[in-house]
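Going in written order, the chains are labelled A, B, C and D, and every chain counts its residues from 1.
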Amino acid sequence: MDKRARREYIARRVAQELSNGDVVNLGIGIPTLVANFIPAEITVIFHSENGFVGIGPPPREGEEDPDIINAGGQFVTILPGGAFFDSTLSFGIIRGGHLDIAVLGVLEVDAQGNLANWTVPGRSGPGMGGAMDLVTGAKRVIVATEHTTKSGRPKIVERCALPLTGERVVDLIVSDLGVLEVTPNGLLLKELRPGVTIDELQAKTAARFSIQPCLAAELGPAIG
Amino acid sequence: MDKRARREYIARRVAQELSNGDVVNLGIGIPTLVANFIPAEITVIFHSENGFVGIGPPPREGEEDPDIINAGGQFVTILPGGAFFDSTLSFGIIRGGHLDIAVLGVLEVDAQGNLANWTVPGRSGPGMGGAMDLVTGAKRVIVATEHTTKSGRPKIVERCALPLTGERVVDLIVSDLGVLEVTPNGLLLKELRPGVTIDELQAKTAARFSIQPCLAAELGPAIG
Amino acid sequence: MDKVTTAIDAVKRVKQGSTVMIGGFLSVGAPQQLLAALAKQMINELTIICCAADYPQDGVGRLISAGLVKRAILSHSGTNPEIEERAAAGEIEVEFIPQGTLTERIRAAGMGLGGVLISTGLGTAIEEGKRTIEVDGNSFLLEKPLKADVALIKAARSDHTGNLVYHGAARNFNPLMATAADLVIAEVEELVPVGEIDPDQVVTPAIFVDLVVQAKRRR
Amino acid sequence: MDKVTTAIDAVKRVKQGSTVMIGGFLSVGAPQQLLAALAKQMINELTIICCAADYPQDGVGRLISAGLVKRAILSHSGTNPEIEERAAAGEIEVEFIPQGTLTERIRAAGMGLGGVLISTGLGTAIEEGKRTIEVDGNSFLLEKPLKADVALIKAARSDHTGNLVYHGAARNFNPLMATAADLVIAEVEELVPVGEIDPDQVVTPAIFVDLVVQAKRRR
C-alpha cells in the first residue's frame, strides 16, 4: 500500500465513525481527507475554528472569496445553511460541548489517551493554535494517523515524551494498520486492517494493548 | 415648587453633567426625564439594558414596534446609528467600562457612596434587575432623587439601613435641594438650588457633609 | 435536517421537574406559543430560569399563573404580582440574580467555562454563599455556570434547520439560552428555506437548535 | 459624530511601547492598510496580541518583518518563519496561548470580568504559573483578562460613526478586540451614511469604535 492509499484508508475508516447531524472539526493533513468519504446517507456539519460551520468544497478557480478560508488558510466555500461567527463563539462551540467530534493528527499518542501534536522541545514555535481547545472540548477525539513516523518510529507509545496537547483526551486511534480504542484499562485493539497481521501491528506499536474478544477469536486461540 | 417642577429641576441639572459622546443609561422615574434636557450642542447615546444603544423618542400611536421597548417596558424607537444586541453584550457594555454614566433613583444613599434601591426587608421581590450591574459597572454613577421621601424622611443618610445595591459606587447626588459629591472624605455640598437655604438642606439630610469652599464663601462666613 | 414541528409536539419533550430557560424581557422576545402549549400540557414542578417574571398570563407569567413553577431563578419580578404572592405563600422558591451576572452564568454554561469572576454584588446580600477570589488585588465573586434541560426561545426568522435571526430588543436572552440547554426549542415568526438567510447575518447557528416551531407574527 | 480619518493619522495615536491587538486569522480580516501605515511610521517596541503571526510581510507579519515587535502574545506562528527566527535570536519574546483561551481572555477584558475558568491546557505546559481553581469537583485554570492600549481591527462595512458589519471568516477576533482596548481603530472596506446599516445587523456597535479608516476593497 502506498502512502496515498494508507492515508485514504485512514480517512475512510474515520468517516465511518460519524453519525447523521454530527458537528465535526477536521485537523490539517489526513483528517481533512475525511470529508471526501462521508457515507451518502448521512449529513455531517463541518466546523472551521476560524469562524464558521458548513465548510463546503473548494471554490472553482477564479471564484475564491478572499474572506472564506479554512483554519489551514486554504480557500473554501460555505454551504447553504452555514453560518459565520466570531472566534469566541467558534471556540465556545468547541469548549461548550457543541462539537461532536474532533479528528486530529499526532506526533505521539499514548495508552492513557494523552496526545502530543503541537511542539517539540528546543523550538520556540509553532504554537498550539486551536489544538488544545479541540482536544479538551470536543465530545469525542479521534486521532487519525499513520501508525509510525516516516523513519518507522512508533507514534503510539506507552507514555508521551513530547509536550502534551491534552491529558487523557483521546477516545479512538485510527491508523493505517488498525483501530484502537482508549479505555480506562488502556488501549484496546478493535480492528486490524485487512492484510495486516497482529505481529506487524504489535511490532510497530510501543504501547501495551489488549485485543477485543471478538477480534481475538477471529485471530485464533494463540492470540490475546 | 410642585412635584413636577422639582423632578424637572433634578433632571435638568443631571443633564448638565453629560458630555458629548457619552453613553448613558437612565433608570426609571426622574432619571428618564433627563433625556428631555440634553443641551442642544451635545450628542449623547442612550443605552437600554434590554439590548440596544440609540434610544429614540416614543413612537407615534399606531407606529409601535412590539419588539422595541425600553427597560421599563414602554414602547420606544431606535435612532439612526443605533444597534441591537443580546443581553450579554448589553451588560458587557455596562460591566466593561463602556457606559460613561448611569443615572438612578434611590431609596437611600449614604456618605460613603453606598446605595440602596432594590428591595426592602420582608418582601420577596421585586429583584434587582440590572441595577447592581449598573451601579458597579458604570464609570460614573449619578443619583437623581428627591431629597426626602413623600413622608419627609431624608434619603441621604450617614449609613444605609436597607439592603445595598452597591458598595461605594455613587459619584454624585442631584436632588431638588442641591448637588452633593461623594468624595473619599465623605459628602461635599457643591450647589444649593437657588432659593434653598443651607439650613433647609441640612435639616433634610441625615448625613454629615462639608461645603465646597467657593459655595461656603458665597453663603457667608458663618457657614462651613 | 428539517427541524420544524408543532408547539404541542415540541413541548412534550419537557418533563415534570425539568429546568427550563425561557427567553424574553418583560415578555418581548418570549416564546408565547411554546409557553401557552406548555401551560396547556400542565407539565409542573418546573424550575424556570428567565430574565424577569413578565406579567400575569403573559410571557413566563403564563407558567407561573398556571401553577407549574416550583422554583424561579431570575433578576426581576416587579411586573408580576402573582409570583410575589405565590412566593409569599411558599408555593414558589425565588432566587434573584443580578441581570448581568445571570447573562454571564448562562453564557458560561453554553461556552464551557467553569465559572466567571464578577464584581457585581460585592458588599451586598448577593455575596452570601459565594466564593470571593482575589485577582491582582481586586476582589470578585466566583459565579458558576447555569445550565438547563430545555431552552424555550424566540426568534424573528429561521430556516428549516434553525439558523436564527432576531429583531429589535426581542433578542435579549434568546441567543445565550440557545447555547446552554440540552434541548433547544425555537419559536420563530417567519420560516424560510435553507440558504435564504445570509450566513453573515445568522445570530444563532442551527447547530444550537433542536426543534423549530412557527409562530404567528404579531404585527 | 463622524469618526472617519486617514490610516496615517489614525496610527499616529499608537505610541512606542504600546500594547496593540490586531484582528485577523492568517491575515484574513487583518487591517492591512493600518498595519502598513504603522510599519511606515516605524513605531517600535510594540507588544502585539493576535491570533497568529500570519505571513512575512502580510497581516501582523508586516510589523514583525519591520522589526517593530518586542513581544508577541498569540496562539500560532507556524506560517511565519521570520517570527521564529527572531524569537530564536532573542529579538522577540513569544508567548503562546491556546486560541480559545485567548478569545475568552480578550472578551473578559472587554466585558469587565475579573477572569474566566477554563479547562483547556490542564496537564500541559500551559498550567505553569497559573492558579488552579476547583469548582464542584472539577479543576480549571484561572485565566486573566487581556487588555490593550490600541486595537487595530477590520470590518467589511461601517457607517461614519463606526457601526461595524463583517464578512465571512474575516470576522474572527475583530469583534472581541473592539471591546478590549482603550483606542479602537477600524479599517473598513465600505463606508455608508449613518442609518444605512440595519440596527439588527450591526455586529460591533459604534460605541466601541473610536476611529474609522476606509480601505480599498480587495475584490
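Heads up, the rule we're going with is that a contact is a pair of C-beta atoms (placed from the backbone, for glycine too) under 8 Å apart; a residue touches a chain by one contact, two chains touch by 3 or more.
Here the structure is a predicted model, which means the values were calculated and not measured.
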{"item": "Chains in simultaneous contact with subunit B and subunit D", "value": "C"}
{"item": "Far-end chain from subunit C, centres as C-alpha averages", "value": "A"}
{"item": "Which of A-C and A-D has more C-beta contact pairs", "value": "A-D"}
{"item": "Between subunit A and subunit B, centroid-to-centroid distance (C-alpha), Å", "value": "57"}
{"item": "Averaged-CA centre spacing for the pair subunit C and subunit B, given as whole angstrom", "value": "30"}
{"item": "Centre distance in Å when subunit A and subunit C are each reduced to the mean of their C-alpha atoms", "value": "36"}
{"item": "Overlap residues in subunit D, where contacts from two or more other chains coincide", "value": "104, 111-113, 118-119, 156, 166-168, 171, 199-200"}
{"item": "Per-residue overlap in subunit B, given as positions that touch at least 2 other chains", "value": "52, 78, 84-85, 88, 91-92, 94-95, 137"}
{"item": "Pairs of chains in contact (touch as defined earlier), listed by label", "value": "A-C, A-D, B-C, B-D, C-D"}
{"item": "Contacting residues of subunit D [partner subunit C, same complex]", "value": "104, 108, 111-119, 133, 135-136, 138, 140, 142, 144, 156, 165-168, 171, 199-201"}
{"item": "List of subunit C residues in touch with subunit B within their complex", "value": "25-26, 28-29, 51-52, 74-79, 83-84, 87-88, 94, 96, 98-101, 103-104, 107, 118-126, 156, 166-176, 203, 218-219"}
{"item": "Footprint of subunit B on subunit D - complex, ascending", "value": "1, 109-113, 159, 161, 163, 179, 194-195, 199-200, 202, 205-208"}
{"item": "Interfacial residue positions of subunit B with respect to subunit D in the complex", "value": "20-21, 23, 43, 45, 47, 52-54, 78, 80-85, 88-89, 91-98, 137"}
{"item": "Touching residues on subunit A, where the partner in the complex is subunit D", "value": "48-52, 65-69, 71, 73, 78, 84-88, 90-92, 94-95, 114, 123-133, 136-137, 163-168"}
